[in-house]
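Below you'll find the structures, each written out as structure tokens.
One chain, subunit A, links the two complexes that follow: it is found with subunit B in the first and with subunit C in the second.
Here is the complex of A and B:
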């Protein structure tokens, strides 16, 4: 099967500190992948490199066969951990703007997401809670037809019911077998059933790369495997 | 042609330390064995069931595939997945569950170094059995 994402020996350094070291992974098309690790492990940096907004210092990357850059932006949708949506617009105004901004925008997905994520279109973006802000960002990512979706900490600082709504929407919009999704999170326990594969990122390196069902076939949960990998 | 709305499973709690596709397949098998899902009942689409259980679509696909292999479900292109209409679907589901239950009892007996009959007798003597069953159904 074609790989959606291939990384070979990817490295990145910031202020002389190595952030990513020799990251080598291959993710098949259509998988839902958890990128797991504590804060500071390098998850955000890796997502930004895959999205083409940051260039790696070492190694080779292919996203659907192409090196990330402005050309791959059209098939990659990134939900940043802290979004910068225009605060002076209402949610509805932002959506109208986004329809024109993204050539791959699907109004059918948009309508379903407004419903599923329970968004109130007349709310000004500047006054949204963290949870509502993430839901608008998620709509902006998932209403596009982009075949690669990268979500950075979509569950942090959000109440349980919103987290469940968000998880269901991710599955509904990404579950056609052709979209590849990477979710970076340290919220392992609740959302481990969302992942086909889990990558454990420890101090900038891939400490383990396993399918979730292989872990469960050993009678272990992903959360307990996480503790095993990351406990000192 | 309009189809009946599909069966909506209850919000199952899944055990994250056991394969999820097996648990989903087992829950559906129990519904069929207990005659709560008659032949011809339409099941939710892979995507809908995955979204409501918040598992990956691959997990649901694998569960459906296993039940299809057992002859309990059938999928028609463009229409969806249904409980098989063939006769004996319930009996086949019951047989499979009974076999799994027996395997479990055998494992426990082996762990204790006992014979299955002795384990069952001990359980009945220790107050298990009918009263417990009635209690668990009341929940």
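Here is the complex of A and C:
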């Protein structure tokens, strides 16, 4: 099966502290992968490197066959954990700009997502709550036809109802197997039924790489496997 | 989607950044009128105090107008950082080019408006066809076009540079741009006949434009590498262990439950409590001001810290060394020092307000008087002025010695320069606390009015500060002491309600 993402010995150091160490992984097209790990494990850094906004210091990476760089952003949609939305615009104004800025923007998906995520277009982005901000970020990612979607902590600080809305939007837009999705999260339970595969990242290295099916076959849940991998 | 469509889309997006979506056009018109009014008033004051010749009013007003643009438009261009743009599927080179082009277009528009204002003032004085004035205005425009190029390049990558090891490059570039405009203002307003030779303006401006291009190239590299993201997006600052330790000691000291353990400070009164809090916060903020690089090696932090003041010192001496006609800034060096301190400490106030915003609810949760918190951070921040003032004092002493040897002294002496340093420290410290309190508790519209007023006052200090110092130097010491005590009393009385209002605003924004 063709690989959407290939990492071979990827390493990254910041302020003399190793953030990622020898990360080697191959993710086929159409898989939904959970990237799990405690705080500071290197999940955000790995997603940034895959999206092409951060240059790795060591190793070889291919995203849809290309080395990561700004061009990766053409076919990769990244939902960053913090900020990165134009606070000086309203949601509606941002959508108008986004249509022009992203060559792969789908207006059909956009309309669907605006309804599903219950977004009010006249709301200034600067005044959105955390949950509303994530929804706008998610709209920006999922309204594109990008074959690779990277979601960084989509549930952090989100209330239960918003979580359900967000999760169902992700399933609807990415659940048909045409997109490769990586979700970095602490919230194992909400995403557990969706994952095809789980990567456990510990201190910058892949501690375990298993399919959800294999975990279940052992009579474990992803959450219990998480505890097993990360408990001291 | 063609290449041109993509550029156009990016241009529109970046253009929307400075538009200020929710700001109505009426407010923008008022903003323009206030800027024009302040520029004209400053031009009149400068002209009256130096040459008393009306042919400088329009030119000086134009430079003040440029100064406004360099502060406000460049900031508008960098608003909300780079995050929104960095995630777009465009080459980093394209992103930087478009950002710089948008800021440059805005600045050019601002320059043309300023030139029209200047031409109108000249016309009012009947100087429209004066070849000297017209030539100087055109030279100013040419120099401004080059300076704006540098400013635009620096502002395009300012956010990326700020979060990288090249932070100094952005800060310095930002500062030199404003410094060059002040230099133009000074050169236009100097005594004697209006010069027809302005090559030096163009040379300095061209060098600055080249600096801007280099800064943009370095910033583009930072963007490509992406390391700026590692610090730019982090809400929790990486603090050194020493800072965390001092914060722990601070919280322990003010822990309401510590009374049971006999550790609660013996608070005698509200004012004692306030002063005590201010002192603790001052000590807490000291490391941040004196050691802005965090975990950076000591020698590098020291170099970065000294770089700006050393450049000011060299520029001051270089410009004053060969001067035969009295420059506005150097005819009365003392005024320049006080005016500079005033201008600098106004920005220190912004820095304090942004720090308080950054601390947010953590700071609100401290069981201490918030007036003391504002005053403490502001006092620590005002220390950053001292290095600059030291550069000014040192430059003044060197110039004075040189001019004394060349028998060209025009009334300056070492005592006056030192006295000016002292006045600058006092006035600057007060202005930092005042600016911080004002910035915390004012609305955006009021803030602009206050900003204009502060710039106007800085101009007054530049022009009249020397006279104040000279007066201090002539009167007897007991009288000076009396004035100082009265100043302190009035300053404290003026500050108290403002600090109180700011503290209330901090608690319930």
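Definition applied: the second predicted complex is superposed on the first by the 232 of 232 C-alpha atoms of A that agree within 3 Å, B and C clash if a C-alpha of one lies under 4 Å from a C-alpha of the other, contacts with A are read in each partner's own complex, and residues count from 1 in each chain.
As a convention for this text, a contact is a pair of C-beta atoms (placed from the backbone, for glycine too) under 8 Å apart; a residue touches a chain by one contact, two chains touch by 3 or more.
In this text the structure is predicted, and so the values were computed from the model without any measurement.
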Using the superposition on subunit A, decide if subunit B and subunit C clash or fit.
-> fit
Touching A:178 in the superposition: subunit B (first), subunit C (second), both, neither?
-> neither
Based on the superposed arrangement, let me know which partner A:213 touches: subunit B (first), subunit C (second), both, or neither?
-> first
First (subunit B), second (subunit C), both or neither: which does A:168 touch?
-> first
Figure out whether A:195 sits in contact with subunit B (first) or subunit C (second), or with both, or with neither.
-> first
First (subunit B), second (subunit C), both or neither: which does A:129 touch?
-> neither
Classify the contacts of A:13 with the two partner chains as first (subunit B alone), second (subunit C alone), both, or neither.
-> neither
How wide is the angle at the Cα centre of subunit A, looking out to the Cα centres of subunit B and subunit C, in steps of 10 degrees?
-> 150
Shortest Cα gap between subunit B and subunit C in the overlay, whole Å, is 27
Subunit A contact footprint on subunit C (complex, rising order) | 1, 5-6, 8-10, 12-13, 16-17, 19-22, 79-81, 83-84, 86-92, 224-227, 229-230, 233-235, 238, 295
Of subunit A, residues touching subunit B in the complex = 30-32, 164, 167-169, 171-172, 175-177, 189, 191-196, 212-213, 216-217, 219-224
Can you list the residues on subunit B that touch subunit A in the complex?
-> 14, 16-21, 46-48, 50-59
Seen from subunit A, its contact residues with subunit C in the complex are 14-15, 45, 48, 51, 53-55, 69-71, 73-74, 78, 80-90, 93, 97, 100-103, 124
